[in-house]
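Next come two complexes, and both contain chain A; in the first it sits with chain B, in the second with chain C.
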Partner chain A sequence: MVLRRLALSAGARPNRLGRGWISGAAGVVLAGGIAAGALLGTGPAPTAYAATDAAPVEPATGGGPLSFRRLSESQYKRSIEDIFGATIKVPGRFDPPVREGGLLAIGESKVAVSASGFEQYELRAREISAQVLAEDRRKTSLSCAPRAPTSFDKPCATTFLGHYGRLLFRRPLSAQEMATAIGLAGEATVKSQNFYKGLEIGLARLLASPNFIFRVERSERDPAGGQRLDAYSLATRISFLLWNAAPDAELLDAAASGALRQPGGVERQVDRLIASPRFTQGVRAFFADMFAYDQFDGLSKDQAIYPKFTSQMAKDAQEQALRTTVEHLVTNKGDYRELFTTRNTFINRNLGSLYKVPVDEAAGLDGWVPYTFGPQDGRSGILTLAGFLMLDPTHEGRSSPTIRGKAVRELLLCQPVPLPPPNVDFSAVQNTADQVHKTARDRLMVHQQNPVCAGCHAITDPIGLAMENFDAVGDFRTHENGALIDASGTFEGKAYKDVISLQTLLRDSASTSNCAVQRAYEYGVGRPLTNGEQPWLEFAAMGFAEDRYQFPALMRRIATSKAFQAVGADRIASRE
Partner chain B sequence: MHVSTVPASQRRLGVRAISRLGVAALAFGLFSFGGASAYIGASFAQLPGIVGGAQGADYKNWLKIEGHYWKSDDVGGIFNRRRGGGLRNPVFYSYPSAPRKGADQLVIAVDKRSPMLSRLMAMCAKKAILPEMTFAESAARARAPAEIGPKPDEVPAFFEYKLKEIEFSSCPAVEGAPDQAFVLSFKDIQWLSAQGEVEGKEVDGRAVTLIPASLPQLRTTGVTKTFVVSWWANANDVSDDQCPKLNQKPPEEAYYAWMSPDAAAKEREALKAKGGVSYENGTMARRGPERLNVCLLPGIARDTGHFAPQTKAARGIDLDGDDGTGAPPKGVCRHKNYVADDGRTGIDHQMYTVLGCMPGYQGHKGFLMQYRNEQRRNGALSVLVQISGIDNEKNDDSINVTILYSKDPMAKKADGSRILPDYTFRLSEEARHTHYVTRVQGRIVDGAIVTEPAKHFQMVLGIDPELNLYEARMHLRIMPDGTLKGVVAGYEDWRKLMIINANSNSENLYGFQCPGLYQAFKRAADGLKDPVTGECNGISSAYDIEGVPAFIPPSQQRTLIAQAERAR
Partner chain C sequence: MADLTRRRALKGMLAGSAVTVGLPLLDYFLDGNGEAMAAGAPIPTRFGTWFWGCGINQARWIPDKIGTDYDLKAELVPIGPYKDKVTVLSGFNCILGGRPNLPHWSGVMATFAGAAPLRGGMGSGSTDYPTIDTLVADSIGANSRFRSLEIACTGNPGVSYSMRAGATVNPSEVDPVNLYKRIFGPEFKDPNAAEFKPDPAIMLRQSVLSSIKDDRDALMKTVGASDRARVDQYFTSLRQMEQQLGQMLEKPAPAEACLVAKEPGKPELGPTWEIAVKNHDLLADLAVMALACNQTRVFNIALSNAASNLRRSDSPIAFHELTHEEPIDEKVGYQPKSTFFMEKSMETFATLLKKMDAVKEGNGTLLDHSLVLATSESNYAKIHTIDSLPIMVAGKAGGKWKSGQHLVGKGDPSSRVGLTIQQVLGLSVDSWGSGAMQTSRPISEVIA
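The block that comes next holds the complex of A and B.
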């Protein structure tokens, strides 16, 4: 109760599923519902329904606003590759992503395109078009040939622009859009006396359009009442959720023909996408967002202190974490919670040196091999992987229990931590050579003597201090400045002695699994949850438990849900 | 005795010098690519009426020759190799560079103490012509120095030739030189037996078959620790003031020493356009009388002197069980004994005596050592040291030390200053590496890993020449920071080292003069004593070895154990 008061006074918002914050009791009316703990909405994980219970009915939600999401750099590039082929180069810089509400996927809904950013899109559009219509590619790019290469062939142009327009906009072009593109292509043909140049201009227009650069969602009337995403918008949402890519031709056809609206139509497409190898890339993209791996870009550590750290090591650490996650959740259909306890991972030569373990010869110089940490290695769970431990862009020369604890709270438990107040004196914490306060724990105790600081640090530091046996790049240590490191603490009222036992508690905490549900849903819809979606979230969390916390099943549940396509009564975009 | 001195400001020739001198020049110098490679060591001639008095087992009573070269082989150019695989294909046993047929000249050096000297001089004075003579040279001495691997059975220990119509063309005398040169011009040569041909076709040599080493028993209990060698070099840097004077290359003036003033002036003019006398292409080496090559035959010139380090201390091992104060033990020639920095006495490291004041060879400071190590660090070869059977890190009466090889590169710190630990190295399965895997027995005494003498210890180290140490031992320590440090020592064939360096390019790069170095080696040789002649053919040598912790893949470790089990 003390911590709850402290957390609330510090401005922390409760976990969406943290009704225990408010009630302190199991107030959930769903059968076998979530038992809410006294602290931070935690407690035992939700239990599955008993066999005798009636299957729960998906609660209605009020839906949410349509989103208008900018394609990320990887989504843009993948779209170009999927539509035009892998040999097309995508030049230019992309505006940096923005993280909002814990996800880049939400941030993409909030960003605008700067003037210089738009210039880059224009540049890319022209250069991509030029490559597509280059002489050596025309045979594959065009399914028709003009009557004469120097004059405008409208039927051929219509076929070309219609085909690619549908793929780029992820829906058929409207009559107006087609007319505009055709008009531009025709004018350009006349001016240049070259039909292909004309097509280039028309294609560039499509590539520079907000309808390509952004995922523009549209709604239609839902026969069951209210509004829902139109079929193309739904196809796009499903595809980006499961593949992190634009819908393929089959999914677009299902939207066009109405098959998506038939009973079982969505399920069929969702099952197809989940069964595809491309589902792996979707899962990677989701967890890269949820675990904030964008912070690996430009990650830097002091090589005088950490000579093994290189940008390649950072990339390898990220790759290890993603491979571990995908292998466990997708290939092995494992329990999401066991990401925090599994000893199974992958390793390459670089990481072998960081973890000080031998690497199987099959890895060679650049490859990866499965690896299982032994009981004596002192590692299990993703919090002991370098991909988590080194991911602190704010400290190049030391580990930060506060940042690590904050990352666990915000990224894995969906529990935001307030920003520090301005003008805080960090000098005591930063003095890693302090021979009186030798360990980070000692230094943070000094810092927490300031009551302004104590509240938030109480939320973050105990968790972060559990990881102090790993330095800023993830190398194991037992001492700091000659003093034995104490990694013990309590989490949700239960004691742990180190990060391994902490992760056992994380595994068993409802906040952990609930946060995965919340994030996956928000990632899919591109916005934070609305209040009206809370019951649905609890329903989904129950389902996650019922599905033994298998992540593909969670994604399926989200993608096939009514909530996923429901549109709120406010902020509806018109169809035309 | 003329010895050149060096200002203190020019004591050290660093790694940057390598780029100035050119990697090609360095490679040229590494394996005496400057024309012929030297033949330093005994060859034998049977001349009619001459009872040479050679005492050894080989060619008893033939005329013993201290060194020789074929005139046609002494040509310039860095990569002008007439034979052999060299660095490009070291797994080869090249034949000597004797001409296959036709006229040529054989230049020989005979010890002035030879009882046949006056007869030979008389023959030279008369320009005597012999109808024929038989000449024999050692295949091992004539082999290209970069090559590795044992002699194939079909290669004879000595190549023999019948020279026809030999004239004693000249015999320039050099007062004070220990050997006398004779230039023998012959009209034709016949290779005896068919060693020079295979199925009627002339061959340069024979392919070598390298078989994986057969290893003794491996200790499989206790702890095993593996290290990758981050530094390997002659243990020749003891202190900054070890050399009040450094050895230097011969001055350019030495090239003109045997010319008349007019001839010298003409020659100077002719060489002006080429930048003066070239060390790189071997021209400088031909500074003997009549343009004879004093690097190929260093005994025919006066001893130019050679500075030795002036320290009592040196790193190394007591190889002969003697501290040098009394009579030398059997099989050993009298020599200076050093004291190690940990107080051990009787340290045998005569290689330090010879190379310690040659800038290129001065251990961590020597740029040849730096170059070789940098090549390894850049992926030429990773050498691994595995210590097995450690039950007690302070004292243990039985451990193994195994030398292994990997083609996987070492990882360096971003600034290149050190090798990073804890990387995994896959063991190479190439014959050129598996042949040289070696294991020795040892023990741990007060934390020091000491190994039993190994009669013949071989290693490859990348671009370095094949290492052959006799009566070799190791003295290693695992330091508090987990790294490995120590020395590997034994006797080396000093003539092989002379062969590698016997060219003017090496004189220039590493700082010495061939005649001085040759005599220094002869004086310093202290081991592998010939029981018949009493001559010491070996020189005690110590190498620094440093290593950082490393791994080999678990499956390959299991294979090593299984192989050792099968060998029991």
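The block that comes next holds the complex of A and C.
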């Protein structure tokens, strides 16, 4: 019961209200003051829920809309690899991803295909299809052979397009879809006098279809009342949540046979997926999204100031943080909250130079070795890893406590920070060469003299200033411009002296664990939490505590929940 | 009759290959799209946007004199050689009408989409209305190989201010090599080549696209109401591709100024001023040649994002940060480091004008046959002001736009500029914009 209380104390409130702070852009200026009060723990004392002894029952939710989600670049590439093999080259540029509500996974539910984006999908479809049907690959790609290579063999074409169509569309082709694809392949065979060319055209058609490029969800009546995802859509949600990949043949079979809908059917599949080595790639994909690692693309730092920074180091920093996270959460079944305090990580020689840690030559340049930070390193927890510290695409020449603090608030605590207000004169904020304001703390103090700025900067800056002992690439420092750096502050009303003690407070804050629950759920359903789902979030947060904050258990809880597959009655497409 | 003859000739040629002419091909050859491009026909009018981030110092940019022969302040000096082909517009505002002032975003969409947006900031966000380039492209670009080309100079393809409604940008080409390959790669048909042979593979590609359209009805019934627009967008993009392929089956009309560009060498990409300007020159050369070769009629170039992350290679602080943090030099009355970028942005714009004006077409130049809308998201970025947004329109639209004036909006919405451009380019529209940005008053002084 203690755990249960913990999960729902203090931080649960800001989290519940999180999205209410800043509704759209209205009242941005006002929101600063209000949010500051709530976040700094000066608001009304939060009430803890009375714990009951009855086994908790999953609260019903209103359900969400059916989603229509574009495959991300990595999901597209993985689908091609899973279906056709790793040697198929996937050419072309992908439209940039969009972050919404803290996740690219939500952005994928909002994006459309631009004209130049479509050009690229068409190109990919042709080139992938040509590789699959290339002479040296045909035998492996086809389970049948045509009667004659120059004429159309309908049964063989049906087998081929049916097999790949089901894997690409993540459901069997409808009779009409099959007829269309067969018709096209037949026509192209006649025109080219080449059965394989015909199949190539038919396959390209499936690859360029919105039914492959997007995850198209469908609903069905839930025997228990209301609407739910149909079996294939559920299989797809589960698979992308746990593997960041399309459902495999076994999962599609379970959807087809009805086994998925038998009692325990979902649990059996979910357990199989979690037990698979591919679960690691799913967890990795989730955290790459939650940590906003897309910002590593094109990240650069001023070479004159940070000669150690290279694009390889950026890659390694990202890899280190994800490795550390996955090892802790999946391999060791560790407590999610201890990501903020763990001393265990991995290191390679390239990062060793940044961390000033000797790495065994035997590890090789790309070789990773486990490493435990000692007291001399001044580091523990993910906020002290370069993968967090250098991730600021807006400042190339220095660290920004505001950006770092904003990242912690928004990405790790699910607490949106308002945008800076318009029509404010920033001239008081001086540059780094300024001899009067030597440290970032001095410079940011200026914001506090302006009440319009002070509200929001009070949310972000104290957290960011805790990380000032690390420069913009993550190198440790004690001084800036010759002045001693003061990394102390308060979080949720509790004092800390530096980033390590701040992370202890983060570990113990319910905001932290609740945010993980919220984000993982939103990532799975591809949309922000709705108001009707708040009780469910609280229920899941309690469950997370009961599971001792083990992340695989949280993923299992989400994937097997009713909420995950519930579809709101008013959200169904009308069938006019 | 010319079309019919050409169609017969093509049919004859195709009969000799392994491919017979399918119906979609016939459609393309019957719709008379080629007429405007035929030799002797009027030279087409083109439209472009050119965007730079973080505004101006208005005391050093806005001319004092109104009307023709306006004075050039320090920051506008670079456009001097083209002054009589550039219209400078001041006093046109982003009017919020109760909507939030989203820093480095509201001003972009006010001028480009005719509406203050509801969500966004720091150079990106969503829009409820399509940007002007897409409206113009739908009208004048539908029959060219590329409906429009989007280009950005800082290496990030997400930097683009061309959007249909929503949060998706039409992504930019950032790498000159990739842009070259897209325009002048194997699929390019030289309009001045003596021989033309349609590629049978193109027809197979058309048949693939035509077949995918069968998926539309079922999809529209499946997705939720809010996603139907996204399904529609997919099929709109698909139809654009079909038209693009259709163009590739027709013998292109000769284009006197078309010179096939050389493939640029592999460039360095990134947000330093030096690299961005180098890439701007390479990318702009390709865009200009794409216009001259009739590959597109619409382009969008973004020198940087709105909260400009450009920095000089020897300085750690980007333009955007400078605007907010650099002290004003009391002696000169402005921020010298920020002003470097403002002045250089105008120089870079002038290089585009130079390139366009160097292409001779008929009795004038490519610039004379174009309208280029250049703007930034702020007037004074330091405090995010969106009154009197800096706006220029370069070119004469083939004589339909009276250029070479400085005109003052006196606080009118900047959407008046967009409305005027649309009307001059022949779009059937008598009012444009939404909310407080809505207007039905074109700027009559420029309409010839």
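As a working rule, the second predicted complex is superposed on the first by the 511 of 576 C-alpha atoms of A that agree within 3 Å, B and C clash if a C-alpha of one lies under 4 Å from a C-alpha of the other, contacts with A are read in each partner's own complex, and residues count from 1 in each chain.
FYI, a residue touches a chain if its C-beta (ideal position, glycine included) is under 8 Å from a C-beta of that chain, and two chains touch if they have at least 3 such contacts.
Bear in mind the structure is a predicted one, so any value in this text is a computation, not a measurement.
Chemist: After aligning the two structures on chain A, examine chain B and chain C and state clash or fit.
Modeler: fit
Chemist: Quick check on the superposed pair: does A:R398 touch chain B, chain C, both, or neither? Answer first, second, both or neither.
Modeler: Second partner only, chain C.
Chemist: Considering only the touch criterion stated at the top, classify A:F68 as touching first (chain B), second (chain C), both, or neither.
Modeler: Touch status of A:F68: second partner only.
Chemist: Now for A:P307: first (chain B), second (chain C), both, or neither, which partner does it touch?
Modeler: So A:P307 only meets chain B here.
Chemist: So in the superposed three-chain picture, is A:S174 touching just chain B, just chain C, both, or none of them (first/second/both/neither)?
Modeler: Second partner only.
Chemist: What's your read, chain B or chain C touching more residues of chain A?
Modeler: Partner with more touched residues of chain A: C.
Chemist: Does chain B (first) or chain C (second) touch A:K139, or do both, or does neither?
Modeler: After superposition on chain A, A:K139 lies in contact with neither partner.
Chemist: State whether A:K356 touches chain B only (first), chain C only (second), both chains, or neither.
Modeler: In the superposed model, A:K356 contacts chain B only, not chain C.
Chemist: Please provide the least distance in Å between a C-alpha atom of chain B and a C-alpha atom of chain C in the combined superposition.
Modeler: Superposed model gives a least chain B-chain C C-alpha distance of 13 Å.
Chemist: Report, in rising order, the residues of chain A that make contact with chain B in one complex and with chain C in the other.
Modeler: No residue sits in both footprints.
Chemist: Touching chain C in the complex: which residues of chain A?
Modeler: 24-26, 28, 65-68, 93, 95-96, 98, 100, 107, 110-119, 122, 125-126, 174, 176-177, 180-181, 183-184, 187-188, 191-193, 201, 204-205, 208-211, 213-214, 216-218, 298, 300, 302, 304-305, 393-398, 419-427, 429-432, 571-575
Chemist: Can you check the complex and tell me which residues of chain C touch chain A?
Modeler: Checking each residue of chain C against chain A gives 18-20, 99-103, 106, 118-119, 121-122, 147-148, 150, 155-158, 164, 166-171, 173, 178, 200, 204-205, 207-209, 211-212, 214-215, 218-219, 221-227, 229-231, 233-234, 236-238, 240-241, 244, 269-271, 307, 309, 311, 314-318, 320-321, 324-328, 382-386.
Chemist: Inside the complex, what are the residues of chain B that reach chain A?
Modeler: Contacts found on chain B: 408-409, 411, 413-415, 418, 420-424, 426, 549, 551-557.
Chemist: Across the complex, what residues on chain A touch chain B?
Modeler: 303, 307-308, 310, 349-350, 352-354, 356-361, 363-365
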